[in-house]
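Structure record follows, encoded as structure tokens.
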Amino acid sequence: MEQVISSIKVITHGQGFTDITYSVKKFITENNFANGILILNVLHTSCSLTLNENADPNVLYDLNKYIESIVPYKSYKDLNIQPQKVSYEHYQEGEDDMPAHIKTALTNNSLSLSFQNEKLIIGVWQAIYLWEHRSEKKERSVNIHVIGEKINRNYN
Amino acid sequence: MEQVISSIKVITHGQGFTDITYSVKKFITENNFANGILILNVLHTSCSLTLNENADPNVLYDLNKYIESIVPYKSYKDLNIQPQKVSYEHYQEGEDDMPAHIKTALTNNSLSLSFQNEKLIIGVWQAIYLWEHRSEKKERSVNIHVIGEKINRNYN
Amino acid sequence: MEQVISSIKVITHGQGFTDITYSVKKFITENNFANGILILNVLHTSCSLTLNENADPNVLYDLNKYIESIVPYKSYKDLNIQPQKVSYEHYQEGEDDMPAHIKTALTNNSLSLSFQNEKLIIGVWQAIYLWEHRSEKKERSVNIHVIGEKINRNYN
């Protein structure tokens, strides 16, 4: 077993999804891994890592709209039966910041995946996304750590 | 350290939970693993993997009812203070499909677990569930990848 | 590659966050690991593990308030457009118990992390929290499993 650790940089431009599946697959093959596992971690508290549909872009549109609908900008008190227009206690970094922390808590920022015969094992309709929850341009860093067996070149 | 990769097939019949704990435990012992980690991934975007209570079936009933209550079939706009009856943009695969993608995003489809002395380390009240979010019968595939040390038969 | 398995005990006093980052870091260094991965699992179904902001305590306050707002004590039916005051089916273990199971399902109870050169790889603003969802004092157990390479003392 060997291990390689690196990071994937992602530039985001507001709420939405960036497909990082290709970068993950490339990391496996460039490092000559055959079989193993990989751990992905996004090193921020206002964006997520998620596995979801790779086919219809409306799925991603609806995911964004849905999470905005349950995590409002103003405050959690809006969700109560008698809504009150007040702000979050943590409002100093912008009205999109506390909602972004909440969206992160409701989704994932750590993913574990598997690969076999040099191929990432995900479903045919699955992609790995960085899901940005902040409004402004951001540079995001995803840590990638692979543990596995390298390709035996003698048999290739 | 050695690794074994396989998959667990699960037939589901509508929204609900299938306990796959036994299949996971059996995989560890059948492959003679003593100590290690395991990575589970469900290869679909409309069902989840989740660790939750294994005792009272009403917990599972309430989990289903709760997630249906916050992810309605019609649309996220129903959740607003002035609800509007409109549909999701992604509606072409059935009215249960987009809600299923959202429920997947709000829960988990990748789990990492640990085992020691041939025993899966989960709480006494925990079970590993495949949580189906679609209405119709489905065949689901859960990838299971173990890395660990095998039992040393010389000492057994 | 070597592995070490242990557990971290956490005493909680009602809903809220306990920062376990230091315990995780200490486990890596005390076991002389240089590079590897670690798997954390909380062995209970009514609390979570989550990575979120470590700076402003109001973020944690808002996270708690938010999740209470979408997972009410009475029942999921409160969230409907015409709310009905009824209870969960699973109510026998206290009015905070079923909400706690739901909050666990909406967040995480399994986390995978990475470390390199004896240092845990998390963002500068990230901490690892045990997020308690029950009201009363609890003793919680977090399983920690490290696989990696130990420090080569010959070169230190």
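In this document, chain identifiers A, B and C correspond to the written order of the chains, with residue numbering beginning at 1 in each.
We take it that a residue touches a chain if its C-beta (ideal position, glycine included) is under 8 Å from a C-beta of that chain, and two chains touch if they have at least 3 such contacts.
This structure is a prediction, so every number in the text was calculated from the model and none was measured.
Removal of chain A in thought leaves the touching network of the remaining chains intact as one piece.
Taking shared numbers over all numbers used, the chain A to chain C interface scores under half, which places it in the different class. Chain A and chain C have centres, each the mean of its CA atoms, that are 19 Å apart. For chain B, the set of residues touching two or more other chains reads 1, 37, 70, 106, 108, 111-112, 147. By the touch criterion stated above, chain A contacts chain B in their complex at residues 1, 35-37, 50-53, 56, 58-59, 61-63, 65-70, 78, 83, 106-108, 111-114, 116, 121-126, 147-149. Across the complex, chain C meets chain B through its residues 1, 3, 5, 37, 39, 41-45, 70-71, 76-77, 79-81, 88-90, 92, 98, 101-102, 104-106, 108-112, 141, 143, 145, 147.
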